[in-house]
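What follows is a set of structures for review.
What follows is a pair of complexes built around chain A, which joins chain B in one and chain C in the other.
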Partner chain A sequence: MRAGDPPAPDRRAVRRGVLGRLERERVFKWIPFVPVQTLFVALLLPNFLLLVYLSLLSWRITRGAWWNAPFTGLDAFMVAIGDERFLWALARTFLFAAAAVPLELGLGFGLALLCRSPFRGRRVYSTILLLPMMIVPAVVGYDLSMLLIDQGPFNQILSVLAGRAITVRWLSDYTAAPLAVIGADVWQWTSLTFLIFLSGFAGLPQDPIRAARVMGATRWQVFRYVELPLLKPVIAIAVVLRSMEALKIFDYPMLLTQGGPGNATETVAVYLWRVGWEFARVSHAAAMSLILLVAVAVYVFIAIRVLRRERRRLAAEGIA
Partner chain B sequence: MKTRGAFALSRHAVLTCWTLVTLFPIYWMLMTSFKHSGEWVTWPPRWLPHAPTLENYRAVLAPGTSTFELGRQTLKVLKPLWDSLLVAGVSSLVAVALGSALAYSWARFGTGGPRYPYNLLTIRMVPPIVIAVPFVVYYVTLRLLDTYAGLILVYVATSLPYVIWMMLAFIDDVPIELERAARVMGASRFRVVGTIVLPLVASGLVVTFLFVFILNWSELLLAMTLTNTEVSTIPITLNKFQSANEGRAYGPQAAIGTIATLPVVVLGFAIQKHLVRGFSFGLLRK
Partner chain C sequence: MNQRFTTLAVLTLALCLSPVVAAAQGVPGKTADERAINGAKAYMKAKGLTSLKLNMMMPSIFTAGSTGEMAAFEKETGIGVNYFEVGILQIQAKAMSEAVAKSGSFDFWIGDPISLPDLVEAGLARPIDDLVAKGKPDFDDVVAGFVEQGRYKGKTYGMFGDGDNFILVIRRDLADKPEERQKFKAKYGWEPGCPDTYQQWAQLAEFYTRDPKGTGVPELYGAMGYRARGWGWRWWLQQFYAKGALPFDDGLKPLIAGSQGVEALKDYIALTKYMPKDILGWATPQAYPFYAGGNAFSIMTYPSIAIAAEHPEKSKIAGKNHYCLVPGYVVNGKLIRRSLQGFGNLFYVSNYSKHPEAAYWLAQYMTSKEVSARLVAGPSSVWDPYMKSHLTDPRVIKARTKEMLEVHLKNAQVAAPMILIQGAVEYNDVLDQNIQEALLGKITPEDALKTTAAAWEKITNQLGRKQQIEGWKALKKAYPTKNVPD
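And then the complex of A and B:
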């Protein structure tokens, strides 16, 4: 799939000056690469080293400069592993993602399926369904905190639907508050999965579908044996994108419940934020960050392998 | 024929249900932003403001009173809006420019090796809280803490992976034959990019810009970490309002929320037609 140089010699092959130099393939292709790579190295490498170093110290912001902090080896990691609140936050984050992501994917896929072919009102529906992803998550968090107050409109709707007075304490009940956070995530990001699948359906190649139809396949067979396999890579990227964002969940608990009641909605991002800035235990936060990094790395490794396999398969069978 | 009618009806039913679910919070925020303070919290809740008012918008936006008394702290609102616009706008522009160039370079010449886009995606997967702690120490050393440049640099880096993945899809659609032909006829590489590739991926650039603009416009965690008093964005302002427990100012907050949502939604409507093309990330067989 590379263009490379055309076999015929270029009429103005010998260019002079700076522009001419930049023209050569081996220079040209690095032009965007250099600033991007510089940015990543400059931002990430020192930070990573600093993270590792800080995790080996015993430093609190309130106690002088970090380079004067005592070196305590792996103490911070021992504290982290022994910190039940941290482990719970970690587990809770994965749990929230495990609850929210399948819902978003299922709803998004179903809605896209309903909206894929033209019908009257399709434009109106899809326009509205795309709205949530355009709203600032912090605004969503705030907005829902207003809807979900004990005497708020959401409970009112529930009461009307149930036909009796229902007062769920969405923001202060141990079972209901996590549901509110998950609900916020689902409400907002179903719009993105919907868009991804809609985009996938719209981009499906028509030839194999028509061929299957001609050969007498039923609607269901076309969907199951032709369209679904073609869509598999798109489904894969939707899963990867949504789950990796869901593991970062921070804004909703912060705005909805501040991690409460108790720690019922404290995700790992919220807890690490507290350890680092509210409790000022920087070294502990650094150690926990590294543990989180390892936990996520396993997942990332699997996700990337899946994506690479899908794209390679495409390159092998489709474009070639 | 009968089953088809039943299908169309149930389709409308399902879609209408989710439409209502989608609209309900948006409607409520919009209505609250027009309510007098006495109507913010009532039982039963008021679905329409009794006497619509622009008081909340005035409180939030008017130049002289763009600070808002809240407990003991005073919050500025107009400046965060401007800051958000500046930081998100500039960082998204830079990211789209760099990222799309890189996507082109990778698609055509394989710059950085076959794994490069995946490596970048890996970076995006790292939860930002992981680097938040050392970032502050690092930025203090570089004197970038609480500056526009500092926040912009971070946002460029975090949005680049998305830019590259989205642009790959659009660049895959550009016929290589066209580029080859132009090269054979003597056009320089820059000319090929400028006159052939750029017009063909223009809608892709807009869609990608919108998407990373949304991400940067709404980012909370890193903004909270890397800014203090000089620079402040809209999500931070909302968070400050929210964590000040005494005397919730629902109306003005709803006004800020509406103002923060409006530009993005308008932009989104404008390019809706193109939106549907950009989100299969080059993962479909042609």
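And then the complex of A and C:
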């Protein structure tokens, strides 16, 4: 470089520009998500805004176009809150989820525990255990509607096992029908929790486990004090995923019982479907679905907070 | 000059009037199915098409009996059908979503009359009076009252194709046993046979329920009817009508919660104890084979039960059935029988179809005397007789028995419609829900009907009383005037 020449551009200065900003992890890590998120927002946001708008109208499908429907503010929400059947359906749905999800988690965890170590035929068992979640829920519902009639194969098997005639009315008894719906959900979706937990076990860091063993911990102690805490984030993910799905349960009550007997199995999704598409009260259905959205969002928010707290705790303990 | 002017005027007038005359003359053909084929051919020619596939939504239980006839129509005209199956109780929701989407995803569909008012108001069902005038379908042969099921506010929207008014079937072989007859008469004071009243049916049900081992699972159930969600309310409504009652007064105030409704509901609940315990979850796919398996003495159901009950291979009771007029109630010294038109499928044409006329021709073909007889007589058919000519058609007689046909068409004389006004699905759903709650003992019959009446008032107010009253006035004309059939 000769004297008088303009100074060469500082490479580091250039890096501090656009590329530099991109190179910084905080920015770069978001870039791959931009197309997906843009698509997501473009597809969902208009629908969501339309849903909110419809909930502020008084529109029935049988009363002309929605853009001509009168604006009624929060009336549809008041109707929803005052609709005893909706509130019961909401409560019933949470009750179903509260019964089904722990069962699915427990069974999925137990099965994953059995299949975590290599043994002969492990792949075959794992594949068989994953099959139920690959079946279309409507098919499961239809098949079960035939298997569960009071003189059907399910009761016949129970009769053989019990050594006496079992005639539980799985589809028409006020108490048994909800159990049948929960049972159908558990049968199909335990596969998913099994898969999540199997992956969780496979991804466990081995160092703390080895260290515990070296220090003389029993198998139970290793499981209880090392593996289980490490699996908590996985458990939280399984809880969130399954709860979100269980709160939308529609196929089984619809195909098994039509929401009956009475309203014993009418979940919020079934009721929303009726209000919107059978009764043509779209604005009411929109308001109800927004109330459901808030309820589910609160639940998921709490679950995610628990998940984060666990992660932070594990990070602080230097385990994860 | 004058002569030329007159000639020109006549020619111009003739030219102007020719389409009107052509329309009035309609499509050539001696029979409705011929006219449907000719109309379809003319349509294809006018559009310059050699083949056309229409999209159709159809309840799954109707496919088996219908596809052969659709294929025959395609062979003749080039108009074929891509059909997709939907559960019979889900048709309304699917149609309603199309009313919003306006996509033209199906050209026509088969659905029940309950959804007609809503689907007309939603703009999906197309009025077909113009095409009816052209094609001249066999409406004259349809049993009185049924054609009305396809009309709304003075226009025709649906081609009637399924005479679904209820029938009672009892086991002739069991009722005719001399020793049983003696025992029955000694106990109840009348010879067992077709009951005139619901009280008599309950007596038959009680007598013929057989549980010799006392297991609580009888070897023979005395009665069957539908009690499942989505279905059971229809069976109560029939009993309520037989009380000589109507669901609303002229101002659309509900009348169901009075003594007539409560008594009918109490009888309905009482009869259920002679039915299989699981009946609360059953519809046709479970009920028909159960009865045909010889497990029950009597069943009140759709007329297609005859296909299952008389099936030479699948039924254990073929030739052992007695088809009965629906029972009724004695009101002010007079017997009133009512047979509910408990489903009754119609062919609807979509307003968003690109080929509504082609869809109409196929509907006319399927509901013509000749083709409907073949459909009704089909081995897997659930299409039920609805034409006078079905009574004498040997194919239908062979499939259904002469006795069944005569009784069925007599029942049709006292056939009453379901509640077919706007919001019908919601009115009926609330009724259904409360009837089931009463059946399960969760609430009393009185409370069930009071709750229903209150909910109906709410629905009426939401929909607008004035408009609903108009719909109700029109529907009232479809109720039978006779108390008993001729």
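The criterion applied here is as follows: the second predicted complex is superposed on the first by the 267 of 320 C-alpha atoms of A that agree within 3 Å, B and C clash if a C-alpha of one lies under 4 Å from a C-alpha of the other, contacts with A are read in each partner's own complex, and residues count from 1 in each chain.
We take it that a contact is a pair of C-beta atoms (placed from the backbone, for glycine too) under 8 Å apart; a residue touches a chain by one contact, two chains touch by 3 or more.
As the structure is a computational prediction, the values presented were derived from the model and not from experiment.
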**Q.** Of chain B and chain C, the chain that contacts the larger number of chain A residues
**A.** B
Q: Identify the partner contact of A:Val296: answer first if only chain B is touched, second if only chain C is, both if each is, neither if none is.
A: first
Q: Figure out whether A:Gln258 sits in contact with chain B (first) or chain C (second), or with both, or with neither.
A: both
(Q) If we overlay the two complexes on their shared chain A, which of chain B and chain C does A:Ala69 touch? Say first, second, both or neither. (A) neither
Q: Go through the superposed model and pick first if A:Trp273 touches only chain B, second if only chain C, both, or neither.
A: both
Q) Counting only touches as set out at the top, which of chain B and chain C does A:Gln151 meet: first, second, both, neither? A) both
(Q) Tell me the contact category for A:Thr167 with respect to chain B and chain C: first, second, both or neither. (A) second
Q: Examine A:Ala112 and indicate which partner it touches, taking first as chain B and second as chain C; both and neither are also allowed.
A: neither
Q | Common ground on chain A, meaning residues reached by chain C in one complex and by chain B in the other | A | 149, 151, 258, 273, 277, 282
Q: Flag every residue of chain B that touches chain A in the complex, lowest number first.
A: 8, 11-12, 14-15, 18-19, 21-26, 28-29, 32, 41-45, 47, 98-99, 101-102, 104-105, 107-112, 115, 118, 121-135, 137-138, 153-154, 156-157, 160, 165, 176, 179-180, 183-186, 188-190, 214, 217-218, 220-221, 224-225, 234-235, 238-239, 241-243, 250, 253-254, 256-257, 260-261, 264-265, 268-269, 272, 275-286
Q) Quick one: in the complex, what on chain A touches chain B? A) 1-6, 8, 10-12, 15, 19, 22-23, 25, 28-33, 35-37, 39-40, 43-44, 46-48, 50-51, 54, 66, 107, 110-111, 114-115, 119, 121, 125, 127-147, 149, 151-153, 156, 187, 190-191, 195-196, 198-200, 202-205, 230-231, 233-234, 236-237, 240, 244, 247-248, 250-251, 254-255, 258, 268-269, 272-273, 276-277, 282, 285-286, 289-290, 292-293, 296, 299-300, 303-304, 307-308, 310-311, 314, 317-319
Q: Mind listing the chain C positions that touch chain A in their complex?
A: 89, 92-94, 96-97, 99-100, 118, 121-122, 215-217, 228-230, 276-282, 286, 422-423, 425-426, 429, 433, 436-437, 439-440, 442, 462-463
Q | Complex contact set, residues of chain A against chain C | A | 60-63, 85, 149-151, 165, 167, 169-174, 177, 257-263, 273-274, 277-282
